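Both complexes below contain subunit A, partnered by subunit B and then by subunit C.
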Partner chain A sequence: MTIKIWKFFQREQLFECYQCARCTGSCPAMEVAPALGPRETILICLNQGHDRVVEDEKLWLCCTCNVCEDRCPQEIPICDLLVALRNSAARRGNIPIRLGMAIELLAKTGRSMIVHQLDEMRAHHGLAPLPPAPVDEVRDILKKTGLDEVIEI
Partner chain B sequence: MRSFKALSWDGRPCPSSSGVGVLARHSRERKDKVDPMEALLYLGCTVPVRNLNYESSARLTARSLGITLHDHEKFGCCGFPLKSLKAEDTLVVAARNLALAENEGMEICALCNACAGTLTETAHVLDHHPDVKERVNTRLASVGLRYEGPVRVRHFMRLLWEEVGVEAIRESITRPLTDVVLAPHYGCHYLKPSELTAGFDSPDVPKTLAELISVTGAEAVDYPSLKDCCGGGVLGMSEEVANAMARKKLEDVSRTRAHALVLVCPFCNVMYEGQQKKIAKEAGLDLKVPVVYYPQVLGLALGISSKDLGFKLNRVKPKELLDIVEG
Partner chain C sequence: MKYALYLGCAIPIKYPGFEAATRLVCERLNVELVDLPFSCCPPPTSMKLVHYDSWLALAARNLCLAEEQGLDLLTLCSGCVNTLKEANHILKNSDSKRRRVNKFLEGHNHRFKGTIEVTHILDVLYQDTVVEKLLHEKVRDIPLRVGCHYGCHYFRPPKVMYPGELSDAESHVPVKMDHLLSIIGVEPTEYSRKFLCCGSPLGANMDQDAGYSITRQKLEYIHERNIQALSVVCPSCFEQFDMGQIVLARKTKEKRRIPTFYLTQLVGLALGLSPKDVGLDVHRIKPKKLLSGIDVA
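Moving on, here comes the complex of A and B:
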């Protein structure tokens, strides 16, 4: 299923980009890995269409640190673009395995991590037990928003 | 001191004020504080499970400085992990917590950078886009909640900075951390997007954490990778990339005189403390950088014992730091 990412992000804003690469130069993931890079992502979206980005697993090598958007001299909401692209990728099944597992855990337990013998541990450190996670409410909300169309929850 | 409440407090008690067992021992009445500071403590997923030292030290230092933190037994996930999959789900899951806080008439105080960032951003979006707010509220109706707003959300550090203030903290210090050297790490969502943190701190020249370290009597050191991202955001996608990102800062800090790296976010902790051994092994480095939470440091300066501040749970023992402070 193709999702029109431009429904969530105005494509016209990309025309403001003059490819100065301040974003990519600031990107901490680019420093250590062959990530896609915000400048390159914008260029591909403009010249080849966003499908090319959405199908690329390198799209996920973003630590959501917001530095690209914060330093953009043209004030392009780059983080919104990257989120819209990843949302679109998820719809097409391009989801890192570990991220999918964390979300499944969240939907099933109301927490994004496994909790084991926690009450004893907390008591040992003078802390009261945690109330149960609102798993039913969170699952209801997730189903209502259609997340179950993206992954099985 | 101005009142910090975003909404009028109608006097209804919170559903729960659990989790404060250890606090009573450190209750210290501060008569000079006119307005009582109250907030709902938002623990998030990670802190109350993996970082009990952060939770107890935050509770103890808040109590010591006159901030009353209430627990809310219905708080759930902040929505951060969902953002990459379906951004609108993040808004709804986050708004659920905002609506609960609104019902109590109190602001939210978060310990995690990601929780604070996500809840702040959601409140900002809902308060500025009535159409999005209506869409979110339609979905929240299924669990009997509604968000009108505004509800204020602040990181624990921002409460310390803006409500208690450096001067009041200085007056409360009973055991100055003289001769202690610490390296601050802010974390990305503490400083950015600057649209949300404007007036608090600067993403380019951050200072709040360094100044809050200095007020304890310790020295805050600067180092080349001060503003680097921990890499926690990509840990779920590539451990190799995440470790490579965290490594630089650990190496930098190990070359300074710092006795510990000071954090304010459990995700940064996963990288710098949790992954440190693995990073060192993979890179063939001898890294032993103690990692502590800011409230643990503040707590020491307020005279609270390292035992109560949960230093036993710090994986790389800040032995030198504790030797200087407690002898």
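Moving on, here comes the complex of A and C:
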């Protein structure tokens, strides 16, 4: 199943972009990795269609730091666009392995983290054991929201 | 003053010392905390990117638990506060999204109504009454040159995280941690790229080396200002600096190491708690020498 990207982000807003690259110039991910960056992401959406971006693994090279949006002189809600594009990518199987594993863990345990000997560690700091997470309720909600469109749960 | 304490995942599981410090500090400053059966927030760096409806529904469930007790929700992490504040904002303002999410939750007797606010430990400690109490209870100063790192998700996007508090400046940047720490004798020290990412989400999702490259750049600017320690309000940022310096040193052979503190650990020390009480003994980069230099043991 696909999602409607333009429900998350008004397509017309793509045309507001100056291609000034202030976003990309501020982007920490661009500095250290071969990321697309917001400017190019928008340009590809305009010239070749968003499918091209959605298929590209580089779409995921991002810190979600929101600096790009903060600095855009046109006040384009860039992060809404990036969230929508990635939601779409995940449905087509374009999802980083580590991220997929993190989502699986969350669906299985209700939490995003797991360690051995947790009770001992907490006792070391004078804390009671952590009550179990409401796993059944979480899984049931995630079934209803349709997470299995993306990841088997 | 009473809040539903939202612990999140990383703090109670990976860094329970931060939880211990926070509980002790809140008790001393008359901030009452109530524990509820929350789940993962879930993070703006994972679930939101992968499946928006799941992100919104789980966040709504957490908000409902606090609503049902009539309590505002207190978070300890930049990621948690981002998700829960944004979800609260979205659901309060959109009838259609609220209806949609309430359908997902109705089988479990939750219904989002929009009756509470979401806050963060930094904002709670910064309130006038708490600051007065802190001034009264403080037993020692912590005279260190500290660089504050807030974590992007704590304050961006400003229109959601701090509506109405936007300055005229183009980018809104927070000041509360710097101000709060100066009350306990800390010398808050500016550095370049202070408000940029620590590198954590890029490392967690995609490329650990690339994530640490961002950390390394930040650390260079931090060293430039002779900063002695870092203060953070997010467990992911903490790990990026604490563990990150160990990992980076394997390659760079960098000898300088800067200890990182979670905010309530520094406040706890000023209140007379011991380094062990606030959980400093398990940090990868030990602050022991630094603290004995200012007679804190």
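What to note about this one:
Note that in this section the second predicted complex is superposed on the first by the 150 of 153 C-alpha atoms of A that agree within 3 Å, B and C clash if a C-alpha of one lies under 4 Å from a C-alpha of the other, contacts with A are read in each partner's own complex, and residues count from 1 in each chain.
One rule holds in what follows: a contact is a pair of C-beta atoms (placed from the backbone, for glycine too) under 8 Å apart; a residue touches a chain by one contact, two chains touch by 3 or more.
What you see is a predicted model; the values in this text were computed from it and never measured.
When the shared chain is aligned, subunit B and subunit C each come close enough to touch A:28. By the touch criterion defined above, A:19 reaches neither subunit B nor subunit C. When the two complexes are overlaid on their common chain A, residue A:112 makes contact with subunit B and with subunit C alike.
Of the two partner chains placed by superposition, A:10 touches none, neither subunit B nor subunit C. According to the touch criterion, the shared surface of subunit A, contacted by subunit B in one complex and subunit C in the other, consists of residues 8, 28-29, 31-33, 60-67, 69-70, 79, 83-84, 86-87, 90, 95-96, 98-99, 102-103, 106, 110-113, 115, 118, 121-122, 125-127, 130-131, 133-134, 137-138, 140-142, 144-147, 150-151. Taken together, the subunit A residues at the contact with subunit C in this complex read 3, 8, 28-29, 31-33, 60-67, 69-71, 79, 82-84, 86-87, 90, 95-96, 98-100, 102-103, 106, 110-115, 118, 121-122, 124-127, 130-131, 133-134, 137-138, 140-142, 144-147, 149-151. Taken in their complex, subunit C has these residues touching subunit A: 9-10, 12-14, 16-17, 19-20, 23, 35, 37, 39-40, 42-54, 57-58, 61, 103-105, 107-108, 152-153, 156-158, 170-171, 196-197, 199-202, 204-207, 210-211, 213-214, 217, 277, 279, 282.
Residues 8, 28-29, 31-33, 35, 60-67, 69-70, 79, 83-84, 86-87, 90, 95-96, 98-99, 102-103, 106, 110-113, 115, 118, 121-122, 125-131, 133-134, 137-138, 140-142, 144-147, 150-151 of subunit A touch subunit B in their complex. Remark: subunit B residues 16, 18-22, 43, 45-46, 48-50, 52-53, 55-56, 71, 73-77, 81-89, 92-93, 96, 139-140, 142-143, 188-189, 192-194, 203, 228-229, 231-234, 236-238, 240-242, 244-245, 308, 310, 313 touch subunit A in the complex.
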